[in-house]
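In C-alpha cells below, several structures.
Two complexes are shown next, each including chain A; its partner changes from chain B in the first to chain C in the second.
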Partner chain A sequence: MAKQTPRTGGSLRVDVHHITRVEGHGNIVIDVHNGELKQCELQIVETPRFIEAMLRGRPYGEASHLTSRICGICAVGHATASLRATEKALGVELSEQTVLLRKLNFHGEMLDSHILHAYMLVAPDFLGVGSVIPLATRAPEVVLRALGMKKLAGDLCAAICGRHTHPIAMTVGGFTHFPSSDQLETLRQRLEAARPDVDATVELFQTLKFPAFERETEYIALSKPDEYCFIDGLITSTDGGTWPVEDYRKVTNEYLVRHSSAKRTHNQRQEYMVGALARFNVNHDRLHPRARAAATTLGLKPKVTNPYLITAAQVVEIVHCVEDAIDLTDRLLQRGIEWEAPAPPQRLTGEGVGACDVPRGTLFHNYVIRDGLIAGANCIIPTGQNLNNIEADMRALVPTILDRKPEDITLSLEMLVRAYDPCISCSAHMLDVHFV
Partner chain B sequence: MVHQPPTGTTLVLALGNPLRGDDGVGAAVLEHLRRSGALPGQVDLVDGGTAGLETVLLLQGYRRAMIIDAADMRLAPGAWRRLPAAGSSLGSRDLSAGHTLHSAGLAEALALGEALGVLPETIEIFAIQPLEVGWAPGLSQQVQACTADVADAILDTLSRPATE
Partner chain C sequence: MAARPKVAFFEFTSCEGCQLTVVDSLQTSPELLEAVEIVRFREAMSDKGDDYLIAFIEGSCTRPSDEAAIQAIRQQAKIVVALGACAHLGGINAIRNRSDLEETRRYVYGDKADWYETYPARPIDKVIPVDATLPGCPIDRHEFVRAVKALLQGRVPVIPDYPVCVECKLKENVCVYLRGRTCLGPIARAGCDAICPTYGDGCEGCRGLIPQPNIESLKQVLAEHGLSFEQTMAKMTLFLTYQTMEREAVGDGKANA
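Coming up: the complex of A and B.
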C-alpha cells in the first residue's frame, strides 16, 4: 500500500494510500526535501454522506435512528447524543432509571469499540503481524479472549437497547423495552466473570513497547464533578476553561482544508485532542479505583503526552467500564426495573445540543426542531476534531525518525494514525448548515 | 440478538438482513424450519443477522454447521447451491491489505475461525442467488419460491449422519 521513494540527501516521500486497520479511507502524504518537511498531510478521501441534510424535515423521533447509522461502531453514542439534543430542544426530563440504563448501554459500546481497536487493530502492529488472522494463528487465546469480551459487550447492548448495533429500544424520553431482572442478573454475573479477561488485557498491553514520542497538546473532554463522564457534562480543556455543551462552536471552530473531505477544528491552540487519552488527562481522578490501578500498571501518569498511549488509556477505560457497569447493574437491580412510558416533550419547537464522549472523543449533535420536525442539524464527530492534532504529531515525529528505513517511517506513521482509532467514514461530512 | 451457548451438536445459522430484500432469505428459511415440526434433536436454529467476525463465536462448540446466506453466484434468482465451506472460493479479503473490519463478513469470519482452530468439523453453506439486495424488506417472488426447497434440503441433510 505504501510507496516510498529512496532518500537522497535527506529527502523522502511517503505516500500511504488507504491506511489499513482504520475505519474509512485516509491517506498519509509526507514529503521531505533536503531535510526540510515540505508536505505532511493526513488526507481524508472518504465521500461525504450528508446525514444532516437527510434529517431535515423528518419527525424528531426518527433522528436518533437515522444518525445512529453514521457509525456501525459508535451507534449507541450517536443515538445517545441525538436523543440528548432532541430532549433538550423539547424540554424532556429523564427519569433516574432511564439515565442509569443509558449509562449502562453506553459502557457496552465503549467496551466493544475499545476491545476491537486495542486487540484487532493495534495489537497486530506490536506483535509483528499484518492483521488479526495471523494473530489468531500465533496467539489464539488472545483473539478468543477479545472475541469473548466483545460478545459480552454486544450482549449487554442487546439486552438494554434491543440489539447489538443501532439501538431500537432507546427513544426520546426513555426506552420502549426494558431488560428483565434475570437478564440484568445474568449480565452482572458475566461482567464479574470477565474480570480475569480484563486483568489479562492489562497484563498484555503492559508488555507492549509503545513507541517513545512526546508532544503535549490541548486535551478536551466532557467532565462532571462526581463521575468519569461519558454523557452530558461540561466541555473541559487541560489548557483551562470549561464551556456548556451549547457553546460547542466556540470550542470546535470548524473550518475546511483543501486536502480533506472532513472539516478541521481548533480551540486555544492550532489543534487539540479528544478521545480516551484526553478523557484520562481531564478526568483521571474520577476513574474507578481498579481502573486507576490499571493506569499505574500501564505506566500512565497524567498528563500523558504520548499519543501512542491512547490505546493504553482505552485499556484503562475497559477496566472502568466493566466495573462501572457492575455498579450500575447493582443499582438497577436494587431499585428494581419498572416499565415506564417515555417522558413526554414539553414543547414541539426548540433547539438543543447533545454531547457525549464516545470511544473516539467528544461528539456533538445540535438540532433545531420546528413543530416536531427537524429544521436544521449539525453533527461534529470526534475524528474530525483529532485530524489537526494527528497532523501536528506527524510534523513533530517525522524529523525525529528520518534516519530510519522508509518502511519503518511508514509503519511509525501508520501506527500513530491508528492510535487515534480514527473513524474516517464518520468524520467525512462537508455540509454547511445554516439555521434559519 | 443475545446468542445462547450451544445446546445441540448441529447449528443451522441464517445470515443476512431481512430489511434488505433478498438478503433476508436465511431468516425466511429458518422460519420454515421452525414451523416444520420435523427438526431432529441436538439442532440449534440461530439467526446470526449481519454479524461480522463474531460469527466465529456462533460456530464455536458445534460439530456440524449449516449456514444459509444469499450469495451472488451469477445464477438465476432463486437458484441455490450447497457448498462445502472448506475449499469454497468465498473470496476472503486480506484484512491487512486495504480492507477494514467494517467489511469483515462470513469469509473473513471463517478464515479467522480456521486460524483459531474453533470451526465445526463440517460446515456446509446453502447459498441462494438473490434477485435484489435493496433497501426494503421482503423477498422477491423467485427467492421466496425457493425457501421451502432449501428448508427441505436442510431437513434431509439433518436426518443423515454428518459424514455422508
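Coming up: the complex of A and C.
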C-alpha cells in the first residue's frame, strides 16, 4: 500500500511498497523536504536469482531451457537470445525456415506481452479501476477482445514451440517440432480475422488521455536496414552511433547501486531508454504501413519523448506484428514446412553474444563455451537498462506535480513506472561477468 | 448464492510464469472469475486484500526475510496451494544448492555480494505445511482449472503419481530415445500430457520424481545413450536438485543422486 505523509512547506514522502500490475517486486520511494528532492528511487527488492552462476558447467543445449525460466512473460525472447549466443559461439548456421519460424514465434510473444500490458496492466489506470477484473462486467467486449487476441498470440507460439511459457521445441540450430501447413493456414486466417480487433485496439488507446510529460533521453534499439528489427542487427542510438552486438558492454556499462538487486547501465548520457518507444524512435520508417498509419492515429511522431507513450508505441507494434506475422506465414506456406534436423555446431568451444529486442527492450546473452559446457555467462536485461531512465523521469516529474494531491502524485509515479512495463524478475536475475 | 470464496496469489523467488498461466487459463475458462473472488494478485491488480480463504503461492523461499511473509499466509489461509515447480520442488532456484553459496554470490555480485541476502532455495512445504500442490514449470492450465474446481467442492486436487511415459504412450508418441534424444519420462511425475516429448524434446522432470523412481537404472540408460557424467548430472539437477539432495541425505539415492 502506498503511504504518504501530508505535505507541509513543500515536503512530501511517497512510499509505494511492491508496485502492483508490474512483473516482480519493486518499491517507489520519493522524499521531498522543503521543496528539495532528497530521495527519488525505484527500489528493486526482488530476490536475487543467480541464473548466470547456475549456468556454469551445464551442457550448451540446456542454456535456452534454463534461461527461459528467468521470465514467464519473455520466455521466448530469452530462449531466442540464448540460442543466438550459443549458435554464434559454436558456428551454427541457421536455415531460412528456422529464421522465419523464429521471427513468427517472436511476434507471438511480442503480441502476448503487449496485449497483457496495454489492456490488463495499463488500461485500468485510465478507466479508474484497480484491475481488469471489474472491466469484465463494465466493458465485457473490451476484456473479451483482449483475451481473444492474447489467446491467438499464445496459440501462435504453441503451434511453433509447444507453449509460450516456457518454449519446448526451440533448440540450438533449429526446432525439434514443426507446425503443419494446416495449422499455419488456420493461424493465418485467425490473424487476418483479428484485424478488426487490432483496429479497435488502436481506437481505444487513441481515446485514452496519456499524461503530458516530456523528457528527452537517449533511445537505444537493435536495427537492421531492411526490416523492423527484433532479432540480431546492430545496437543503434538516437544520439548517434551503432555497435555490433559483440560490443554490448561498451553500450551498457553496468554497475550496482545499493537499493536495487538489478544492475544499472548508462551509455552516452547518465541514462538511456530501451523498449517499444525506443524501437519506434530508432526504426519507425521500417514499420509495416498499417502500423505507421496507427502511429499517426495515435499522434506518435518521432522522436517521441513522453515515456507514458511507451504503451502507445506497444499498440503500434501490435499492429506491426500482426501484419508481419501474416506475411511470415504466407512465406512459410509458399515454401512449405519441412522437418529439418537442427543445424549442427562446427566446434564445441567458443564465445558468442546473442541480442534480441524483446517486448521491454534490448536483451543480451553472452556465453563462453568450453568443450560443450558453459564456462561463463552474462545476461543484460531490458528493465535493468531502463532503471536509470525511470529514476531520471521521476526526478524531472516530481517537481512539476508537487502541487497535486498526494494520491494523485503517487498514481502519476506508479503509472510512469508501469508505462515502462518493468519486468523485475528478469532484472534481478543477476548478472556478472568474471569469465574464467 | 453463497459468498464466493476469497482467493489470493503470492509469489516469492520465481519468474511469475505460473501466475501468467493462471491469467491464460481465463482465456478458456472465464467462468472461474464468477466462482471465486480474487482479493490479491499483485501482478494483475492493485487491491491487496488480507482476508482470504485460499492462497496460491508461486516461487521458492530463498532468503530469511521471506519466511515471515510465508508464515503469515499460512496463518490467514485455510487452504495453501503450492503453485508450480519453484514452490513444489525449489525449481531451478535449487540448482545452486549444490554449489558453494559464497562463490555463487560473488560470481554474480562481486565485492557487493553482502548487499543482497540469500540462502539455499527451499520448496514452500519446507517452510509451512501445504495442503495441495500443482507441479510443473510452468503449471498445466487444465490441471489448474481442475484443481480450482476440486477445491471449491471441498476436495484436495489429485495429481498423478505415475510416470510421464504412461501419458506419452497414450499419445502414441515415438519414444524420445528412439529419436536420438534422452528423457526423464520414466522417473518423472505425469500430469503434463507429456508435452515436452510431444514437441520433440525429452522430459526435464519439472513435475518432480514419482514415488519410487529407479534413478540408478535411468542413469545407466542415459550412459548407454552416450551421456557424459556432466550431461547426466545436468539432466538430473535442472529441476530435481532439491529432491535428489534430500534422497542423498537419507542415503537413499546413492552418490550424486
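As a convention for this text, the second predicted complex is superposed on the first by the 432 of 436 C-alpha atoms of A that agree within 3 Å, B and C clash if a C-alpha of one lies under 4 Å from a C-alpha of the other, contacts with A are read in each partner's own complex, and residues count from 1 in each chain.
As a convention for this text, a contact is a pair of C-beta atoms (placed from the backbone, for glycine too) under 8 Å apart; a residue touches a chain by one contact, two chains touch by 3 or more.
The structure displayed is predicted, hence computed values, not measured ones.
Asker: Given the superposition on chain A, are chain B and chain C in a clash or a fit?
Answerer: The answer is clash.
Asker: Can A:P289 be said to touch chain B (first), chain C (second), both, or neither?
Answerer: In the superposed model, A:P289 contacts neither chain B nor chain C.
Asker: If you count the residues of chain A that each partner touches, which comes out higher, chain B or chain C?
Answerer: C
Asker: For A:H177 in the superposed arrangement: first (chain B), second (chain C), both or neither?
Answerer: In the superposition, A:H177 contacts chain C only.
Asker: In the superposed arrangement, does A:P244 touch chain B (first), chain C (second), both or neither?
Answerer: Neither chain B nor chain C is touched by A:P244.
Asker: Looking at A:P344 after the superposition, I want to know if it touches chain B, chain C, both of them or none. Which is it: first, second, both, neither?
Answerer: The answer is neither, since A:P344 touches no partner chain.
Asker: With the two complexes superposed on chain A, say which partner A:C161 touches: chain B (first), chain C (second), both, or neither.
Answerer: second
Asker: Considering only the stretches 63-71, 207-215, 225-233 or 243-251 of chain C, report the one that runs into chain B.
Answerer: The one stretch of chain C in steric conflict with chain B is 207-215.
Asker: Considering only the contact definition stated at the top, list the common interface residues of chain A for chain B and chain C.
Answerer: 1, 18, 20-24, 72, 116, 120-121, 124, 130-133, 136, 147-148, 150-151, 154, 163, 425
Asker: What does chain B use to touch chain A in their complex?
Answerer: That would be residues 1-3, 49, 53-54, 56-57, 94-102, 108, 111-112, 115-118 of chain B.
Asker: Using the touch rule from the top, collect the residues of chain A that touch chain C in their complex.
Answerer: 1, 18, 20-24, 47-54, 56-59, 62, 65-66, 69-73, 75, 116, 120-121, 124, 130-133, 136, 147-148, 150-151, 154, 161-163, 165-166, 168-169, 171, 175-177, 256, 258, 261, 373, 425, 430-432, 434
Asker: Which of the residues in chain C end up touching chain A in this complex?
Answerer: Interface residues on chain C, with respect to chain A: 12-21, 23-24, 26-28, 30, 33, 38, 41-48, 62-63, 66, 91-93, 95-96, 99, 103-105, 107-110, 112, 115-116, 118, 137-138, 181, 195-196, 198-201, 204, 230-231, 234, 238.
Asker: Quick one: in the complex, what on chain A touches chain B?
Answerer: 1, 18, 20-24, 72, 116, 120-121, 124, 129-134, 136-137, 140, 143-144, 147-148, 150-151, 154-155, 158-159, 163-164, 425
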